[in-house]
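In what follows, a structure is listed as structure tokens, so that the remarks can point back to it.
As written, the chain order gives the labels A, B, C and D, with residue 1 at the start of each chain.
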């Protein structure tokens, strides 16, 4: 059987997933066969050109024509177009793979999760960093109890593409279109990774309460090719501190103003028996401190028995950021074919969204917010 | 003229300062001559032995006999004995050098600062990390505007000596004696460094409001050589997020539960034109990202024209933690001799204390606290 | 026009190049169209399976049937089968892309270079590390004179897959089949990169004389699935020191016994005005020390205007080892289409081989060997 | 008993040892009592000033008056004045502590070692890097067999103070006065550390044969405060490759032309069961890869049970370069008092010198040189 795939969105994420789909046969031959069937977008010219380059068989300008015609629907558009097409697809019984964050608002995310709950088909939320081999390796260590009980969790995602006040306005600066700024775009990744890594009850559990702070450093930005400026209605940076179910303490942060940092997503965890550190810009590495050690061991997670690595190259031949998409597509499509559960799903997307909303609410009220 | 010095406290800090005093003549020949005159403590036997090893001419068991007999009084005892002898010395017109944090409570710190304000002699608070050459170098960069306007400040101080629940109880676990735990012991260093580095109005200014969280992971600890346990009434860890006068965002953290970290005090700053990073465990280094650079430059701050370095060894011959005490003693004693201002002084100690108190208050109330 | 490609070899290198060819249309749309036409091998069953997975249209067990039928011939077999098919292809006027090292012996390499010289079509030697963006960036810095005149060059390639004396014998341990061991397999990469980076006359020029040392730590190894052992007739490690035309000093080294190092190829260069460092296991980074700096700047070479990067992902989204093959295939196929020169070519392969042979000769004679 | 100490030399090394002697009572109270009795030099004015600053009781301009009057004689002058006073002292039965390298020529070093052999008192050669806690820790690991049999040893010492061709001429550039350049000054440290760490028969044993290369990049240099230039008659850099008794392979290198490196002495060792790395500019750290680990563990060698550390500060409070002198003075003076053996002694100094001489001879002859 070959799964026909319809994809909404042909920019950054469109390319990342199209590439992943194209690479499956050579590296994951046990993955389902797929067909890049339809690419969906509004600008016909750009769409044709993208479909050609990304290897799609056809194009469509209305997602409504697509969601019930394909075997799988990928929603890779901007945040504000996540909900409607995804829900329509799910209602048509079509499995959906949706980019993160799930939605610009908590309410919309809840609707999406509800649609997914009733659909009986996989509804994945594309938190691709769960599929970094080093992160899987960390997850295995944590689950095996090698770090003991968790006391500290630190997550931070630093970029600098807005530090120049003249950097142009985009949809990512608009609350209507994006929901939030660094918080949703970057913080959602952090929140999801943290839940993935320490969310088990015998590690730290879920985040129980949180206190957040949002900041916008530059209030308006020039519109490209135009004389006007537009207001920035989202955060340029956020910080948060949290308490987990077991009493562990968390600090989270993201920024688009961290000069010199391009895509620097770091996670640090301290447990009673050890610690670990991960940085996305060195994604083949994991730093681990075990009970029997005194310092961090820098592990190059490229050995044959490391997660996913046997599909690629010999030890020491590092992989890149894009490989995380291959892994997540492999897992998601397998779930589609077998009917198994896939995580992260819309529930996970919603859980992250609840925490993002709690951070915003806390910032509004100047108080801690307790999650239900 | 030779300054006679009386020192209260002969343990860790006593030794650190005695060593610093002993090294001045060889390395800072322009420092005032000093005489380690009197060492003050309660346990006569231990005191004699310490005085002998640390090179003191005499001992005393009552500080009251000392504070007006010496030219300078060093208060290096535990936090709860900072106030009374320091105030007595200042009232006697004796310059005082007091370890940090200034006091276990904000009220006491205010009394001390008041005494200092009226004394007309230097009253220094021994935040020694201001005297790391790499920190001075960073300060110079910041003052010269090389990092532009400050957007982010991150400070964290990680230790792990309490991660074992069987680690014995000490005065540092007691609210009466220590005031607070990681917050006062470690966080005070962070707060002071941050104020020192970015406190100028054209950088970030002072911290305007703050939200803190204190956590105690282990509620009671065994008493050494005894069957009983005693309650831990201070924090094992704290986190805080802050907003500076200019809108910059800060995150602060300290812990005694960070497995594998011994004395890891790191400061990170992002400005509109650059960034910097410092880590105490590599205190000879500073990582700097300037506007014309793309990545951090790892600077070994051991060149002849780096702060204090010409007094020591040729480039690349690294110094240690203890050297910060030599530098601070040099500066403080010069101020005593010349009558010049010395910073950090009791005002700085109080300013840090206000922030520590605000963090505790915020933790109590679950809200942000605005500094006056 | 579509170029039909015949490929000899379907293991590690076969997969690396097939993947590269498959990725060109999506990421390098201006590359020539290619067709993975024929995959050549001896074991029919394995060959069929590989052709299927790697996307080849047909298979052949005799390269002689292929070399004049395809537009381009890729020779990715073991070293001892590099010469005959490559020469046959070139004699048939078919462009050849051959894996490194060019040949097991200098004589054979000379025959291959001679065939290439007379062929009038591109004959590329697949030193893929020339196509790492960070290496290209380094090359640009060097060519712009930013490091000044070169004084020191250091290259070392460390692996550890033979440190276990029970690791099984393979063709790579046999002088007949492989030519040499770590020297040819790893050292050829180092030698080529060094020539590429500093070989220009105004940097260091070519290596003028060299002194080498080969060592075999384990003299025989077990044959897998067999009771016997076979002798190891190649080096497990080599070291060399060299003098360049301008008097610069080089040290080179490779090993299969460097415990804990998987694929650690590092290059370090010191010039009169600066220094640089590169490590293959962190291939997205380059450490550069320029005249105006005091320490190394860690540059993440993933900006849009960095070499090849605009074809991939936004800044900070790192690429992997395999991407170097995409870049080299792109350049080679462009040269095939346009008739432009391609480097590294068989002349470069021969130049490296001359240095490898000089190292072996020096080891035999216990003396320095001067290159003509 | 108090040992009276006479010291020849009051510059860099004079200050380093005077400081070490001054610090013993406070940190190593079980060390013998010492008296900085006589400081010896030729320039009376400078000598008086130095004696005053360094805490010496008296001065002398003729070492011959001193060597038999003191309990211990320290020879810290330039290389060419090592022999005569040291031999005279030993002949007078006075223990001698001499800076490295032992002598400018092998012949002189042999005379010194002969004098020491007959003297019956300790004759130490001040290779201070043996006394870095991290190096001692490494030594313990190696002796315990944790790295297994040694295959690779790498040592390199990089400085850059001569990279500027206008850097002034000094005695260190003169073959008569210094013996050699980077080779003797820096390489002697490397050679000694390597012998110390892996010289045991069950590790790698001694170096059996060696091949060296010396290079002078700038042939003459300006004399400070003068119009003339003087020839540089020593090496600016050396490289060497070596074979140890057990077949292990070594590469060594030093330079005064390594732009950006100030005092960068690194040692790397690969054994059958693990690897380690040390860098002098981060001397509190040791990177260790043990058999059960996959990557290097960065150990901060500042724990209480680490070598010498209990004398200093709590874990994580790093020490500096100068502390190595305190440790070596402590050990040497203890040996003087107890009559125990002290290492490194003149035999070790001679062994290093033999290797330096072999490197020079190899460079002259263009051949490997076998050590007897």
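By our rule, a contact is a pair of C-beta atoms (placed from the backbone, for glycine too) under 8 Å apart; a residue touches a chain by one contact, two chains touch by 3 or more.
As the structure is a prediction and not an experimental result, all values here were calculated from the model.
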| item | value |
| --- | --- |
| Mutual neighbours - chains that touch subunit A and subunit B alike | C, D |
| Result of counting contacting C-beta pairs for B-C and B-D, higher pair | B-D |
| Subunit C and subunit D, separation of their C-alpha mean positions in angstrom | 41 |
| Computed distance of Cα centres, subunit D from subunit B, in Å | 36 |
| Intercentroid distance (Cα basis), subunit C paired with subunit B, Å | 55 |
| Sequence positions of subunit D contacting 2 or more other chains | 261, 293-296, 300, 303 |
| Interfacial residue positions of subunit C with respect to subunit B in the complex | 285, 293-300, 303 |
| Footprint of subunit D on subunit B - complex, ascending | 12, 15-16, 18-19, 22-23, 25-27, 29, 53-55, 159, 161, 261-264, 280-284, 300, 302-303, 312-323 |
| Parts of subunit B lying in touch with subunit A, wherever the complex brings them together | 147, 151-152, 154, 158, 160, 163, 211, 213, 215, 217, 237, 239-241, 243, 247, 249-251, 253, 255, 257-261, 270-275, 289, 293-296, 366-368 |
